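Listed next: structures, encoded as structure tokens.
One chain, chain A, links the two complexes that follow: it is found with chain B in the first and with chain C in the second.
Up next is the complex of A and B:
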């Protein structure tokens, strides 16, 4: 029965990973950059959820959207203020656009971590649970009520995001820009706006993941580092820029880790994902599910 | 004669003169800075300057944006640390061993990431750095994990350390200058600017990329080993990603792909961070903000301001002939 327990728990964790990884994958798709500040979007979400609930005493159901909006605002501001040189013809970084993106997002991550550390303090805050039930038993499987509810919300949001990107007006524009930025702009698509929407959306998703997990993992300034590394591994595993790939890879990693923590050494647990990341990049750079990209 | 910066050689020479100027200033500083603590701060700045110069060779001149400079510093420190802890090896054995091992690991990493570019390279080197740190902090039987190792010192006097570190830094900087002046410097820059075009002109991409990785890792390893003996203590914290963040900020604030940039940046950033620490520890916030502002608006860093100032004074001695006569 341990098997079922571990599998279901792994899948639940995988859903939260997917919230992070899909945003990262969307950003990579549209701007060809890795957002090294993605973990800090998660952290901001965790703090927004925890602190608003703490200070205003509102129901956690109302603060959850607040966290989402805070993440969206941060993502949107990041894109507007810092990502413009990537596509709007700034000559100063010339050929080194990738390097610019790495520097700027890396520095943003450092800035947000230390800013929160100074303003709010290094102590952890525990978020309020969405459901009061502490223990739900379904056959052999046990979990806290909050965990199940959060997993349900994550699943619903993931489906909504999938539908949005696949069918909505803006979603299709995002797909077009991801396929070919120049072609999309020639077809009259506002590529700058599409980039802003993607950053806002992925900031919101990461913040939502942070908010949903804050009753389980305390909100601290560096809480984002751990989910961020996971989402890098997932995005590489699923193929950079592929959304279905990221979703599947999230669930796989969740289950693998859930088993790994029990059957393999705990201390080295975090290194496995990183080794997988390097191996995939070396031998299958287009990911396990992604299509091989063609260059002329 | 107006000083122009069109000629790469001339540009490098002016930059070398400037960095030698910084070294001269630093060499004179102990005359004013008599406090042992602040001399120590300057020595640690030199450690960072070495790492920054090594990373600048890789990221600035070769365009290989590695996120593992701090990891190589940590590897160097641990090689000499472990040798002296387990085998009582003297620093004269430990430090060269650190250089060789770091260079070998750098060579391996360089071979592995040959095909990767941009975000892929950044992710791979970041994972490599984290793996190194996690392995060291989890191999408790060998490395004592997060407790760290105590390492014997070398010199009793702080001033001896000061001038030895400065001497090593000068040698590294001169070495980098001569490397950049040689055809190798052109190869590296050509790879950075356009790899395919460089290959089509006969630049051996594989050879020079690996060379850059190896050399950069060797310098970082040397810096780490020296630092370990100076601090008499090594811990996995040397390889934290925030340390890489500090090194990157030094280079970006000083000026990426310039000779004096990383050196000046290292001294300014580290000394300023010691000052800021006294005012409530806002140093990392300030630096991250500065890096964002510099990267966004002043790509050339502080060196860019200097360059423009020199160009302006260079033009002044030749006044325009008066049109009235």
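Up next is the complex of A and C:
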């Protein structure tokens, strides 16, 4: 019974990890930008969902898209106002100043944490559940109705994002930019617009993850630190820019942590992911699903 | 110049002199306050909720003291430093307060790890350090002459918990302790007290990372082999997550397993914002309950606090206010702000504060400079969003726990 519990719990946590990490994977893999404010996109989503639902009495089902839109708006604004100078006037990513991205996103992260701390306050807020059932029993397995619903939504969103990037008009343009920005530009693709879409989508997905998890992990100003760390491990493990890679890596990490915490030690729970990360970097630096090289 | 003119001139001079002396006296009162250093968490990852409660309470006590004319004719000034709940920041904050601000004493700290860090600096500079809410016995065991404790201590809680577990008839007890000096110290202390009070009870504890968000693996292990009681020894926000996850997984509170809050979570202002169904049936170790008998100063402080913050009184209010009052009383008794004189006065003090008559033990170990007979109570939460005043008081201060008043969930 414990084995079933641990496996199902690990897979559910893995789905949440995937939703957190997929946006970072898109930015990291496609735009080659290290976004240190990714966790704060998550935090903004958690607050948007929770506060709108609590203070305006709106159904959480209607608030969920609000959180997604808030995250998209923040992502889009970040790209337009802070990231554009990074590659403005340059056709190749080769001349980008990586340190600029690190500094500016780190500063954005600190700004958002402190802004929320001062404006909303340090108190935690628990988001409203999407379903009223507090406990669902399926055989030996027991979880909250919201946890199961959130996992289901996360799965659907992951599939939708995968299909969007693979088959949609803008998804193909994003892929082209990821493969060769100069080539895509010469082929008439609006690379700046593609970058905006990637950032907005990334922000929206992180915010959606924050909203879905806010009834489980209460919204606090520093709540974004946890998804940010997990996301980096997942992105490297799955392969930079690979959506299926991020999804599989998330599930592996979720199950591994679940079992490791019980059969090895809970104290080392966060270490398992980092050990895997080191092993991957040593023996398969391009990750589980990453490409060996993108140079043309 | 006529006599009349001279007299008038003299009178004017005297008036000017009197006005000058009065102005100087006022200026001295305003310009020469007694500075007390305050270290609290005002930003994450520390418990900002606690930090805010402590600071509000200290300001309430400061106003009461200053409105009554101050101490030795001088007003009390609080110089506040934010620790972020981090020991390294607490250490730096105490250093700054002593060397830069020249404070005569330090108070405010509400996290054990920070007390342990900050008191080292106070000890180095030989400055009185009044611990507001660091429960870890290790603080007292250091035996630092500068450090005093009018708040709760882990052994006190452990004795109360061990007695409760025995009366509940528990055979196996598991504690969920956060990975801090407080959490680990409290769990170890409970283990020791259970060996004395109820050696037949099997006890173990799980150390949980206070920054973690998901405790499912530990909770699932408990679900596979449920104990008779789970004792929670964590602080928010991690404590709230753990309570919710215990409930979601059907581990506690249930017909099989009692849930006991050993951290005094229920009087946090954001408690019901973060924990709902999960708290129904929880037994709480408390240091404050509106139904407790309180001395006049306690009532005055409670009323002033509610007027200032519009919040219900809480345990940190009494502990924090007493901390500042005690420092003021020590200065009064010592007739100076000299550290040795203040420490001597505190060691000899017998003063009625907000919760009762405070005295400090000089016995070595966890009792050192501790108010031993600190009053505590036990209550049970019987409904969601229940105000503390409506919770079921199952143990009055100094009385044994009445198990018959406790209610267990049907499932």
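By definition in this document, the second predicted complex is superposed on the first by the 281 of 296 C-alpha atoms of A that agree within 3 Å, B and C clash if a C-alpha of one lies under 4 Å from a C-alpha of the other, contacts with A are read in each partner's own complex, and residues count from 1 in each chain.
Keep in mind that, in the parts below, contacts are C-beta pairs under 8 Å (C-beta built on N, C-alpha and C of every residue); 3 or more make two chains touch, one makes a residue touch a chain.
Being a predicted model, the structure only gives us computed values, none of them experimental.
Chemist: Of the two partner chains, chain B (first) and chain C (second), which one does A:270 touch, if any: first, second, both, or neither?
Modeler: A:270: touches chain B and chain C.
Chemist: Would you check which partner chain A:226 touches, where first means chain B only, second means chain C only, and both and neither mean what they say?
Modeler: After superposing on A, A:226 lies in contact with chain C but is clear of chain B.
Chemist: Touch test for A:147: chain B only (first), chain C only (second), both, or neither?
Modeler: So A:147 only meets chain C here.
Chemist: Just checking: does A:258 make contact with chain B only, chain C only, both, or neither of them? Give me first, second, both or neither.
Modeler: second
Chemist: Just checking: does A:115 make contact with chain B only, chain C only, both, or neither of them? Give me first, second, both or neither.
Modeler: After superposition on chain A, A:115 lies in contact with chain B alone.
Chemist: A:248 contacts which: chain B (first), chain C (second), both, neither?
Modeler: After superposition on chain A, A:248 lies in contact with neither partner.
Chemist: May I ask you to decide whether A:18 touches chain B, chain C, both, or neither, giving the answer as first, second, both or neither?
Modeler: In the superposition, A:18 contacts neither chain B nor chain C.
Chemist: Between chain B and chain C, which residues of chain A are contacted by each of them?
Modeler: 114, 225, 267, 270
Chemist: Which residues of chain B touch chain A in their complex?
Modeler: These residues of chain B touch chain A: 59, 63, 65, 67, 112, 115-120, 122-124, 126-128, 130-131, 134-135, 138, 192-194, 241-242, 245, 248-249, 252, 280-282, 284-285, 287-289, 291-292, 295-296, 299.
Chemist: If you look only at chain A, which of its residues touch chain C in the complex?
Modeler: Those in contact with chain C are residues 1-2, 5-6, 9, 13, 113-114, 117, 122-126, 134-135, 137, 142-144, 147, 216-218, 220-223, 225-226, 257-259, 261-262, 266-267, 269-270.
Chemist: Okay, in this complex, where on chain A does chain B touch?
Modeler: Within the complex, chain A touches chain B at residues 28, 32-34, 36, 81-82, 85, 92-93, 95-96, 98-104, 106-108, 110-111, 114-115, 118, 225, 229, 232, 236, 240, 267-268, 270-271, 274-275, 277-278, 281-282, 285.
Chemist: For a test of understanding, state which residues of chain C touch chain A in their complex under the given definition.
Modeler: 43-45, 48-49, 52, 179, 206-209, 211-214, 216-218, 220-221, 223-224, 236-237, 240-241, 244-245, 247-250, 269-270, 273-277
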